[in-house]
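Order as written gives the chain letters A, B, C and D; numbering starts at 1 within each chain.
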Amino acid sequence: MPISGPPSAAPSSSTPLGVAVLGAGTMGADHVRRVDQLVSGARVVAVADPDEARAAALAAGIDGCRAFPEPLAALDAAGVDAVLIASPGPAHEEALLAALDRGLAVLCEKPMVPDPEAALRVVEAEAKGGRPLVSVGFMRRFDAEHQRLKALLDARELGAPRLLHCRHRNLAVHPYFTEEMLITDSVAHEFDAARWLLDQEITAVQVFRPTAALPEHTGVNDPQLVVFETDGGVVVDVEILANGGFGYQVQTEAVCERGTARIGEAHGLMTNTAGRWGGEIAQDYLTRFADAYDREVRAWVAAVRRGTTVGATAWDGYAVAAVAAAGVEAQRTGRRVPVELAPRPAPFMNAV
Amino acid sequence: MPISGPPSAAPSSSTPLGVAVLGAGTMGADHVRRVDQLVSGARVVAVADPDEARAAALAAGIDGCRAFPEPLAALDAAGVDAVLIASPGPAHEEALLAALDRGLAVLCEKPMVPDPEAALRVVEAEAKGGRPLVSVGFMRRFDAEHQRLKALLDARELGAPRLLHCRHRNLAVHPYFTEEMLITDSVAHEFDAARWLLDQEITAVQVFRPTAALPEHTGVNDPQLVVFETDGGVVVDVEILANGGFGYQVQTEAVCERGTARIGEAHGLMTNTAGRWGGEIAQDYLTRFADAYDREVRAWVAAVRRGTTVGATAWDGYAVAAVAAAGVEAQRTGRRVPVELAPRPAPFMNAV
Amino acid sequence: MPISGPPSAAPSSSTPLGVAVLGAGTMGADHVRRVDQLVSGARVVAVADPDEARAAALAAGIDGCRAFPEPLAALDAAGVDAVLIASPGPAHEEALLAALDRGLAVLCEKPMVPDPEAALRVVEAEAKGGRPLVSVGFMRRFDAEHQRLKALLDARELGAPRLLHCRHRNLAVHPYFTEEMLITDSVAHEFDAARWLLDQEITAVQVFRPTAALPEHTGVNDPQLVVFETDGGVVVDVEILANGGFGYQVQTEAVCERGTARIGEAHGLMTNTAGRWGGEIAQDYLTRFADAYDREVRAWVAAVRRGTTVGATAWDGYAVAAVAAAGVEAQRTGRRVPVELAPRPAPFMNAV
Amino acid sequence: MPISGPPSAAPSSSTPLGVAVLGAGTMGADHVRRVDQLVSGARVVAVADPDEARAAALAAGIDGCRAFPEPLAALDAAGVDAVLIASPGPAHEEALLAALDRGLAVLCEKPMVPDPEAALRVVEAEAKGGRPLVSVGFMRRFDAEHQRLKALLDARELGAPRLLHCRHRNLAVHPYFTEEMLITDSVAHEFDAARWLLDQEITAVQVFRPTAALPEHTGVNDPQLVVFETDGGVVVDVEILANGGFGYQVQTEAVCERGTARIGEAHGLMTNTAGRWGGEIAQDYLTRFADAYDREVRAWVAAVRRGTTVGATAWDGYAVAAVAAAGVEAQRTGRRVPVELAPRPAPFMNAV
């Protein structure tokens, strides 16, 4: 739920929303293509990346789009109505604060700001501005199956939930991926998704790490089992697997009073061949969540044109950062670590 | 594959394609919403429907869009670059010929033209014009699962196909739905899909009708089993069920030399509850094929802007009409009825 | 349903039933092992096979069991109360008539007697004897999933059935397997199963044969599509695949007035690995139907001890032979061939 | 793996094994029926139950079987070669020690002996006797899917396992069922199954209890999440659900180095009806594990006749009791509780 306040001055319905995209890596390039080709009512007018050639290559394909090496220059470019931040995490805080300072709506890729204290500064800056401007790109909130599960839980179709089981499995991670990033980068999605699905905050985290000898092909100790508790008394377990080797798989099962509900079973084309039946597993998140990303950016453009936000708010971004920090400590110590959140500023009072 | 020829004069990339939508019923309204909200590079500039109020209601929500009672007036409206025909089948021929006469690209809902001879006139009119202009809206060609099956068959991943099994199940049909329409309206999709998946023409059709007493709730004798053969020696069976009562389900299984491949298994959120496990079945084709329709119209807009067509051609529309006519005779007589196609005009030589 | 009549003189409950097994091939050996190790209340007392060494090897492992080269000698051996015929089809008629002549209960592997006229002689011989003695080994009637489907159909849980879709897929067949045997050996199972599931007789058969070039690895033109109709107005289609190359798979889907029901989906252990999810397919019928064979022979032993029969009767064996003969003609001619059954003898009046 | 030692004096192959069944409740009655009707080479010669009428009713249907109110009297009855203990847990210790004292082979239902110290006395008594006599009825070891998973793990088909996820869901429990019994009665199965699947001992247990308000229909706080660790460095989580309300469901997924493997998906007859696809869930363990119980008792009879044991040993029974005691403390305190096992007596040195 967006924070309340007077709507921003959105462009009229006949003029497309001018979007600056910060970051021209995989995610940024994907968003540029999406806004350009798949989203009505918006166009990319600026692309920024320290690697100027990369930015220029993206901009070249789009009428009236300019490339910049500096993110702030892109924000100040002509025709920019809103910002899509897809740069690396450490660059998010400055970009967010600059956008807020300019009164620009932002869609910021997750994690919003990795450090909880810095994340809180973004929350406070937005609250002070009095207008809802920040959306955080937890795309699962726009995935059709996640939305169906959320609806089932909200309507108490099977009664109240008491347990969630989550699986988050990657094909392989880059060599620079660390064990901490299992929590801050990967389980961050489950922290947000569980908060959203349950409409509850997380109160404590514990991490179980197998100690069996690691296979040679992996640099991180995975899988791990992350167990957390909520202020509504629900227990959530998450298997996080970085180098699963077989594909990208995200599954959630809710155990409720009168039954269970689960999403994320692979499907699509199925074969019988050579003694086996079955189907294909998506190999990466851009494929698995392609529809969710499309719907997210479309919903964001529509919301910004109405002067509001969609999906996860800055508060959600902060809460996930705080839980992740507790999770990293839990991972290091093996202990159950409580989560302490700052008081929630008034504009975020009713939001999860 | 589109017919070849010099590209039509497409609008420049910075101007959206102006689309006239003929028909403001369920399908037409859905396409108006789609072009307006989900498709980049196009806008609805005219809507036509004999029920002028219905047309006006649709047009009212869109900047610069006008309503017309007459389809031909809509074609001649300012800013019309292309036509989307979603009016009832009997109105298609006149609209298609008028569009061809004006050199306008057309996306025509299926069935293109029900009568084979009339369909052939459309084929000939387009061929005479020398430019590819007609796309027929067999949306399955844009469904992700159908495309994956087509790719598997084209690549001979499991060897050559020898049998196809198809299921086409509707929740319920309107009281005016006739037994003939099982063939002309419903199995028409399988006629096209099989031709496209196999890259083969259909040579004969036979229909098996159960004679068990009909349940009271249905006005048509369903299900029926339609069996047809192709010029590549493949046998295809189709279960067509009009009043299944449980949902909308479209499934295809290809039996190939080294295995089988199937699509259309229901999936999504699954529950355990009250002694049963399982999931939901889509209730209608607009839900089941929502993504396919979106991709179809996006691909069509992009193709028209490049001066070409996508998906099924006028030839495909004619061939399906000819097969359906044989199917109706087969249904009436219980006999195997051969299909005779007209010679294929040069521009359609390589197309299925 | 067994034919009625006075019960045969069954052994007392404290003495095991003495069984003679005719045929020491794969099926016979499997039955010998089954009766010896898995069935209470019965023991193998005689094994007959023209290959005397093979018979002797089987008999050697069992206390008090003797080997014979001649089936009739085995029937006359001391302690024989009942006969299990697992010899090749051409030997069945003589063995059945000899057993009936001696008043011995028989479980005869399918096909009972391939020639319809000869099969009718067995029916008449049993009817004349006045006691129910013949059970035919259509083991699907004892498969848990088939029994659940039969119960659903009998109870009209989804209303009356109107269509059945069947799949019958083998891994590979021996070089001596002929195209005719697709009908007489393989689809024979579906002829019986459909009659039993529906409680209806088959009235006509038609066979569709793909004419696409055959893959090199196969000597029979497969798959084929066999379509038949029943006296209850139901249409049944069967895909028969002899050299599928991927496993053994038997599936049935019934399309009823208010929904569909299907059995035979593969299951068991499922994996995610190397980009694929799925499970294993059974490789042969002895594995797939192991439980059904066990339950069949147990039920038969219990029935014989009560003086009656179970499962398919001699009439069922005859009806399947008659339908198969029509099916072979249909396969040869491509035409729809009607099935003419002899009048049903009184003892079989209520049976399917 | 059974303990080693000289074989017991098994009956000759022509005489059935005489079995005394202690306990004539649901489980005992089921075993009496099983031995009598489904198991070759054994017969029930004595049934004992404090409710003598119940014992007599069971014995009445079986030739030569006698009923006793006292278990020890049944052990001393004529013709008793082996004992099947299906009486309530508190009666197990006395019965086991009496059987060991008489040199009788025993199949004891789980939990073998709930108190770890008492369980250890049984282990020691058997070890002292020098002959393998005790089998514990953890029937999952005889379930086909569990055996397939065990084979996959043993062969390292997907590499070494690092995590196990288990689900154990009951339809409903009796009013006398306590929260402790979630651990001692229900998760006891997972304690044994995980030890057996992994060939590892459990070293610590922790229990997570949702604190959301309990639904009215249940007297125990369920589901709970039990997490335990093994001496091989594997982490196992178990969802235990006593009053799930939808059926009986047991699932395990192993996460290994190169993929995952899971068992326990419901299957069988599937329907499409009223907007839903899916199938039935077994309602109780006697249905779900019917085949496993049959195979267990058959394997036990065959083993006893060879002078050995099968399945879980007395050591396994003790280890599970010790882990369960730690689990109960973990449940009460919310803390991670280490498991301390006694030294393993020599005969059990190689066994898990």
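What we mean here is this: a contact is a pair of C-beta atoms (placed from the backbone, for glycine too) under 8 Å apart; a residue touches a chain by one contact, two chains touch by 3 or more.
No experiment lies behind these values; they were computed from the predicted model shown.
Chemist: Where are there more C-beta contacts: A-D or A-C?
Modeler: Counting C-beta pairs in contact, A-D comes out ahead.
Chemist: Going by average Cα coordinates, which chain is farthest removed from subunit A?
Modeler: The chain farthest from subunit A, judged by C-alpha centres, is C.
Chemist: In whole angstrom, what separates the CA-based centres of subunit A and subunit B?
Modeler: Here the centre of subunit B sits 37 Å away from the centre of subunit A.
Chemist: Compute the distance, rounded to whole Å, between the mean C-alpha positions of subunit A and subunit D.
Modeler: 45
Chemist: Based only on mean CA positions, could you tell me how far subunit A sits from subunit C in angstrom?
Modeler: Result: the chain centres lie 58 Å from each other.
Chemist: Check each residue of subunit B and list the ones that touch at least two other chains.
Modeler: 169, 244-246, 258-260, 270, 272-274
Chemist: Show me the residue ranges of subunit D that touch subunit B in the complex, using the header's touch definition.
Modeler: 169, 244-247, 249, 266, 270, 272-281, 283
Chemist: Which residues of subunit B touch subunit C in their complex?
Modeler: For this pair, the touching residues of subunit B are 159-160, 162-163, 165, 169, 208-213, 215, 222-223, 225, 227, 229, 232-235, 237, 239, 241, 244-246, 255, 257-260.
Chemist: Looking at the complex, which residues from subunit A come into contact with subunit B?
Modeler: Residues of subunit A touching subunit B: 13-14, 36-41, 63-64, 144-145, 148-149, 152, 158, 258-263, 265, 267-274, 291, 298.
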